[in-house]
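Inspection log for the structure reproduced underneath, given as structure tokens.
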Amino acid sequence: MKYSLDSAKVAEATREWLRKRNVRTEEIAELVMFLQNQYIPDLTLADCKESVERVLEKREVQNAILTGIQLDILCERGELFAPLQEMVKNDEGLYGVDEILAMSIVNIYGTIGYTNFGYIDKLKPGILERLNDKNDGYIHTFLDDIVGAIAAAASSRIAHTRTAVLPPRDEAESPAP
Amino acid sequence: MKYSLDSAKVAEATREWLRKRNVRTEEIAELVMFLQNQYIPDLTLADCKESVERVLEKREVQNAILTGIQLDILCERGELFAPLQEMVKNDEGLYGVDEILAMSIVNIYGTIGYTNFGYIDKLKPGILERLNDKNDGYIHTFLDDIVGAIAAAASSRIAHTRTAVLPPRDEAESPAP
Amino acid sequence: MKYSLDSAKVAEATREWLRKRNVRTEEIAELVMFLQNQYIPDLTLADCKESVERVLEKREVQNAILTGIQLDILCERGELFAPLQEMVKNDEGLYGVDEILAMSIVNIYGTIGYTNFGYIDKLKPGILERLNDKNDGYIHTFLDDIVGAIAAAASSRIAHTRTAVLPPRDEAESPAP
Amino acid sequence: MKYSLDSAKVAEATREWLRKRNVRTEEIAELVMFLQNQYIPDLTLADCKESVERVLEKREVQNAILTGIQLDILCERGELFAPLQEMVKNDEGLYGVDEILAMSIVNIYGTIGYTNFGYIDKLKPGILERLNDKNDGYIHTFLDDIVGAIAAAASSRIAHTRTAVLPPRDEAESPAP
């Protein structure tokens, strides 16, 4: 039987796996708010959530999420081979494949998201603190970075969108479509 | 005076500078056709051109194009400082900033475009052969790679779009691009 | 017990897993030769093999290899969850995580390797043809791209090294250390 | 006349241009210290400076530095074409070419540097605050990010090196950076 692409199934699986791993869209939206509210005073949590939803529709983002969660789960079960098992389990400092997957998400909305990703990845606000907790039985070595990357991407998306819809500034011409 | 973003002006400048450098959308569309027609038999040049136009609407793509063309032009005039002038003029093998700008374009549509970029960058079909000609007085060290990247990005975009418009999943076995 | 980094174990596991997956350093060296011999007439297969060995010593390269082979093997056993299992099994066109891991290898030696990676990933010479064979029971969705990336990185490494050791050209000053 | 690569000249020009732009290696070393001293208690400023020096020897790093400083200087003189001139002058939020060049530096030492780059790019400690000052007549839109990237790369380099010189594995529990 010929392989048949099924992008709807990939989108649905992504949503379901995020839920199973206790990641709610609202919490990612709160990271976006954390990153953006000083720049956009009238930004609402609903705006942020909407932006996160749009990011989650991208196939590359779904691919990274599914692959990352799969590796986290296999590690929880102790099913990765050595020494990959130990590196992922301990979120080893020299193991950067989690950051690689994260950056593939950020890149979709351009390089302006790099700074935001690094910033929340270091500070670990909100949900990132919970995901980064090494003592709750879960392994979130990949998901931790991926959630930060989704928030950074959603922030970049807002920056692009806001520019497009901003009313003309008094000193300049009209905005771009 | 406060700086005011003007995305319409950036888009317009991009279009104009591509024209001044003799790069026509049709020629980039032909590169897309070269890359994709064996996978999508019913693909038309109009489809390819449409995809190139969508890629050119992206701000990151416009930023890379303007920056690259600016460096090419300054080099033509001999206005870069040494040894940058010589490196850009000779498209030096160890100078990879042109490839860096190119990949920032490809990345917008995901990593599936890497292969296509490398392939046409090596083969130099169509317009790429002309841009790569070192004896016509023009310097296209940056534009050469950028045009290849736009074609690779437009190809990735078609791959994503074609999948999205496939018949409903329950009809199954819909062919993958 | 505190986690203890053990880079020697990671290096050793990488070498062993490449062997178990039937990838010999000589074969990667042949890809390097394929990419470079037209530019460096006196390049030997031993030079190429030496360069591949140096690339394989890099921790980031080892991380990507181990992670990629792990995913390939889990897929062979049917142990990835749906729809990731199907995407990896079929090397799906819209699944680009294999390319992401590959580029993390190429990047270590700079962006000048992008073109070479894309070129051999498209042409599939030598070992790449074998790895890409879908009918031998093996899944090499990740390893295929990773081996191409190692060859591209080793080629970039040679370009950097040769420049450093080239004798002075008759028309110019001395080479760099 | 055939073009002759001269890597010594590129290295020398990089060093000279950093000096002309008032960036001292010690100041970048202080950024490295800021990023690393909580993880490596016995780290000295001399260690950090040594690591920065090694990063500055890499050709890709030199290429990014020279290209970035060139664009900054042309912008100071008002010699970039519109609207690139305005975008670079104002370090426009949607213009991410400076981040692209920065990441090409970070990538050389692997993806583990992404977080550090984003973190100091947001906090702007030490020299980064000075470079980011918009009122001193200088334009450092590119150099700002490049200096942060060099510090992040030098930090990654230290992480890799420290691991390599740790006591033999059988003594166990050696602390990971």
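List of remarks:
Per-chain numbering from 1; labels A, B, C and D assigned in written order.
By definition in this document, a contact is a pair of C-beta atoms (placed from the backbone, for glycine too) under 8 Å apart; a residue touches a chain by one contact, two chains touch by 3 or more.
A quick map from chain label to UniProt name: A, B, C, D = Phosphatidylglycerophosphatase A.
Since we're looking at a predicted model, the values are computed, not measured.
Of all residue numbers seen at the chain C-chain D contact, over half occur in both copies; the interface is built from largely matching residues. Set side by side, the interfaces A-B and B-D show unequal numbers of C-beta pairs in contact, with more at B-D. One simple way to say how far apart two chains are is to compare their mean CA positions; for chain A and chain D this gives 26 Å.
Note: centroid distance chain B to chain D, computed from Cα atoms, is 28 Å. Annotation for chain A: residues touching 2 or more other chains are 3, 5-7, 9, 59-60, 90, 92-97, 100, 104, 110-111, 160, 163. Of all residues in chain C, only 92-97, 99-100, 102-103, 110-112, 114-119, 121-123, 159-160, 163 touch chain B in the complex they form. Chain contact summary for the complex, chain C toward chain D: residues 1-9, 59-60, 104, 107-108, 110-111, 160, 163-164, 166, 169, 171-177.
Here chain B touches chain D in the complex through residues 3, 5-7, 9-10, 13, 17, 59-60, 63-64, 66-67, 70-71, 73-74, 79-84, 86-87, 89-90, 92-97, 100-101, 104, going by the rule given at the top.
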